């Protein structure tokens, strides 16, 4: 049996319930409930695969078995078979759409991530791609895993596994130094502290306050380059805001440690896969 | 309090849990837990709004209040305020990202739908836009509502509120006539029966079998026009497959009753909205 | 493993929890927890069987296995064995009562339905028996399946898979024509529209408005016959209200398409079945 | 807000979900979502009321308010108003059927119980009516409360709040004395022990073993009378099996402490109540 | 598969979710996800074992298997192996801490209980040790079972499987006689009634009212002895309040039927067990 | 309304269900369901308070209100009132035990933590007290908050918000350098990496591998001092294993950064608090 996080398990349950709340009227009317069959998942375009475990779990919850020959992170060519499923035909048909909906979306995220990682590599290869919290509600862990499958690095997974001090936090604390001090005192001993800044003065203050990372918000390429020079390795730097595939090589060329992009999760196009009964 | 379907309520719960499973480490460390505040949701580009109830519910579940001045289906210009929220600052900051993630995605669906509906209108205005079951898992009812907000018409919401007989069902029944007969006998008295066909011979058989609708799968514009002529009003027709914004006026010009597009839900780009604390 | 709808699965869970919230004090005190056994489900009177999957699932959730030799919809004579179960004796005894409570109730619904279907057949055989939404809360899908097992036809399963326009909807819309128009515009493309009327004028208006079905509310046999004549096949007709077994042949003789009866679900007597350990 | 047990709360949730899984297609299409209204629950026949809290909770979960002027256990005449509800008309119409389904079933149980209690009273008035575990799955606590509303006494509520030693337990323990000893050692200090017997020899053994109650299974009136004489007050006695309204006075005349009847819960006819919007 | 109560199952789920909400970052980074392994649970001190089923279930939920060679209630020496587990190494490491947290706490309860039971035995051996409702929230049934494993007897498991009339109930009823009468009328037929008293006058009143047990609240040894003499076997007696291991033999020497101690559940020290991968 | 994490909310639900699964038999029999009352929470010994929000939530879920005048982390003297509650008397009595069970346990954790923090302070004051994952299953976040209330610092909250590389991870990776490299590549950008070692050679390797923290497992005071000297500030150090209150000042005197103790959560004695109805 494929094991998912408790969150993903509940999402699969929701997904099946929304489609099957009243049963599958067509199959119940026309198919032999005992008839068994098998089918294959096929890529219909070139893609980076992700979401195989959750897609398999959809099948399994309806009593079918499912096995993916290709794994998350694999590059797949259009036309290739990526997995197979066996079980009652009624189960295969009831699960098909939901399994594909997961697979197409998550492979879409992995594919978009891979493309961005490759664009960064053109700028020198040192800069890593980060994701954000701009994920599909309920899909956080699944999309974060798809980002890793595409070659990206996760930023924090949630509001609880990392400290990111923004302007509101600084204002409420009476300054960045005090905000960082409070965070150090309160947060778990294994969390790093990142501070968001908009200019070099902010960067200086964040470094002085003892930040582990600094997020450079909406700076242009020159600004990022200046920040890299100013930090001089004393702190890790993340550039964020208005990132496009076309711009990524130039940003990477600044030598910034990380670039983050919301679009790889919130606006990735679903890639095309199908399920064919044999 | 905003009322959602039980499904949407569970999705909101999942979404908040995935982000807050370990609390909000930054706010807990740096903010006064009793401090109150307010903020506004702003459109950052032209869009058709959707998802206001679910976004509001995210705020409410964390104890804040939320009110949208603009409603689902409204056209909003970039720069306009669409809603406001009040409550503890810690709650506003904890809810902000999740509320936006819902709002941006669902408004993205409504906006994409509106664009497609307008494209169809250029073809004569009689043809209605249908959605599909290619929705984000867990978001079925929310995305179907966003489609309506955008001016589209829903196809079935699930496998249980409509009969759609495809090739596998026909094969298992020994013919389309028998498949329709079985469906008629078994399905609820208020469900219509649709049959998927790939050519005019299939259309003839479906009409003879007593189908209420016929889905024309992957036909080109000429094929659709021929089907419209052949059906001559005896059955409603839906055209599906490879629909693009550019092609829609031509398809509408055939006079087909419905056109369905998966892309309005599975690949809609998230539109840009922000939440600004005042 | 027996597969149930998510709803039925949750109902089984509720049922076992209410009986076993504090454990099974007697069996835990007196039985060997490792002892295995088997038993049989026996009909104690003539009946139409229903609910076998849910009864089996009760056993399975406690770790026993269960197999029914007779299926839903089968006529069974008093004294016949309908199924067997094996497993730990503590599990069999803990599940027995709950399994029987499901089986007796649902077979009661199927048996009552069969009786009504037979009464309709005496009137000519064309009229089909419909159920209603007057079902046991939580048992909707189970009782609807039991109705089918008994030979009945389902009306809508829920408020979402069919349109039934009643007086309040007409009043709020400013007339039946507008109500039907709104329903057509808003509802899914695969739903039929039914309008409830109390007299022939209402029937005329409903037909003019484009209703697919008309519900004749509380009409006597002569009124139903008049409606059948007036409709003249332009619309399907359902007769509802004050239906008794004795009256059904006369109603069927009017040639009405459907008769609906709440009593087959809300007041069916539980039929007698037992479980005997061997 | 009406408070229910956690079990009943989950059952209400199930009941609303099964009816509203896909929304209320008719009301959403035809009604103004903001329009408010009110309505009344009316008895359509003489009955003993039960289930008011759960019916009210159904309304409340959809955002309406509900107040019952008559309480559980009240005798109500046909035509009397028993409660009122206010709120959005869409909520009232969405909740109506589910609220009535609860109210009609539970009032049916209370009404059937009252009738049996009155029959016992004709036999002398000392004998109390007990219910059984033959309840509707998921409705255990609700139906047990309806039995109390009707004047009956509850037997155990579950397998965990009472010891009832049957033949299988005796056999596994090697005799009734050992079974009772084990139960005494293992069960909570506040539980009584009942032993099921089929004849006077069994009764003697149960008394000797220290049972607190003895269940006389399927004895005829003479047998029950003989058991009462033999027990001579050393142990409480419960008569069970084949009880009918007609027989109850004769059984009560034997002076037995308790009579138990499954039919008051498993086969009570739903009594007639309606909800009328004003 | 190990079967737990529905409550315990949900607690295990909670426990795994709180530890694995964001996955196991270390194992996912460093281990081969397919590597299998096995390990053993070892006692690190002398103890009475309890909680084996729930600990095993923790492993099983992550896909590992688990078998305990020693059972609940067994005395185990420091150094002995009590069970083994096999499965994917990532699963074993993810489950280890949670399984131990259950096992150490519940064995701690059993060990503390055994010690108190032995102290009572020094006072004559007739007095039984009762637990209370002062249990860890969510662990009621698990800790009650651990008490039994340690040789103790359960008081009621919940507020619903026993009647315990305290001063507030007496005051609201207008006297102990009326309180007992009400309880007799309302409670299930298989529940005993206990009355809490603080002196001999209270004891006399409780006996006169027909109580089955009397709880002697916070009496000293002499007071308990006097109560035993006064009751003279007409009612069972429970002594409660300020019980320590050192005092128990003296209390037992009074001949009181039961002594109850909250500390065996609310303040038992966790005993030391470890899990070692081989 | 008091807001808890979703986990804590589910734990409160479990706790109330386990106690009220069958209702409150005594109160339902003897009390007026409409009678209102109020009561106070009182400390019965000196303690550090914790758990007020969860205790209040228990009351609120049963419809009562609750307000604590003293907050988490406050030192309270025996005899002081810490909070009050108002509502129906039946609700107050039904909630009392569960609210106290939370409050006593969590205040016990805070009190034990404070004691250990004070012992560390005697050794110089620089060393901070860490908790562990040896918490009560289901209580992770609640006990971690109680530790902070007592003046301690949290280690990671779960397996996902920190990297702790132990011997198994090192072995599977083929060395500590590779294990750290893998962790760096895979873990979120905001997580620190800790490596567990048993001697100075291990410490050297961990520092060389780039660890952020090093856990010194089961070293004696001299070993810890030697490690502090060897690390010379290049890495933070945590001492763990066999920590007792008596030993803490000596460990702190070594200048180690952190000391972790499982006993403050797994074996804290419940402190004494009561709830008195007025």
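The letters A, B, C, D, E and F name the chains in turn, as written, and every chain counts its residues from 1.
As a convention for this text, a residue touches a chain if its C-beta (ideal position, glycine included) is under 8 Å from a C-beta of that chain, and two chains touch if they have at least 3 such contacts.
Everything numeric in this text was worked out from a predicted model, so none of it was measured.
K.L.:
Which chain has its C-alpha centre farthest away from the C-alpha centre of chain E?
P.N.:
Centre of mass proxy via C-alpha means gives B as farthest from chain E.
K.L.:
So what's the Cα centroid distance for chain D and chain F, whole Å?
P.N.:
For chain D versus chain F, the centre distance works out to 45 Å.
K.L.:
Taking each chain's centre as its mean C-alpha position, how far apart are chain E and chain F in Å?
P.N.:
23
K.L.:
Provide the C-alpha centroid distance between chain A and chain F, rounded to the nearest whole angstrom.
P.N.:
Spacing between the chain centres: roughly 32 Å.
K.L.:
Two or more other chains in contact with one residue: find those residues in chain E.
P.N.:
Within chain E, residues 7, 17, 20-23, 141, 157-158, 160-164, 185-188, 191 contact more than one other chain.
K.L.:
What kind of graph do the touching chains make: line, ring, star, complete, other?
P.N.:
complete
K.L.:
So in the complex, which bits of chain A are touching chain C?
P.N.:
Per the touch definition, chain A meets chain C at residues 13, 16-17, 20-23, 62-63, 91.
K.L.:
Where on chain F is chain C touching in the complex?
P.N.:
17, 21-22
K.L.:
Over in the complex, which chain D residues touch chain F? Could you list them?
P.N.:
Contacts found on chain D: 1, 3, 5-7, 141, 157-158, 160-161.
K.L.:
With touch defined as at the start, can you tell me which chain D residues reach chain E in the complex?
P.N.:
128, 130, 148, 153-157, 160-164, 185-194, 212-213, 236, 238, 258
K.L.:
Quick one: in the complex, what on chain D touches chain C?
P.N.:
Within the complex, chain D touches chain C at residues 7, 10-12, 14-15, 17-32, 35, 89, 93-94, 97-98, 100-102, 104-105, 108, 133-141, 158-166, 168-170, 172-173, 179, 182-183, 185-188, 191, 266-267, 269-270, 277.
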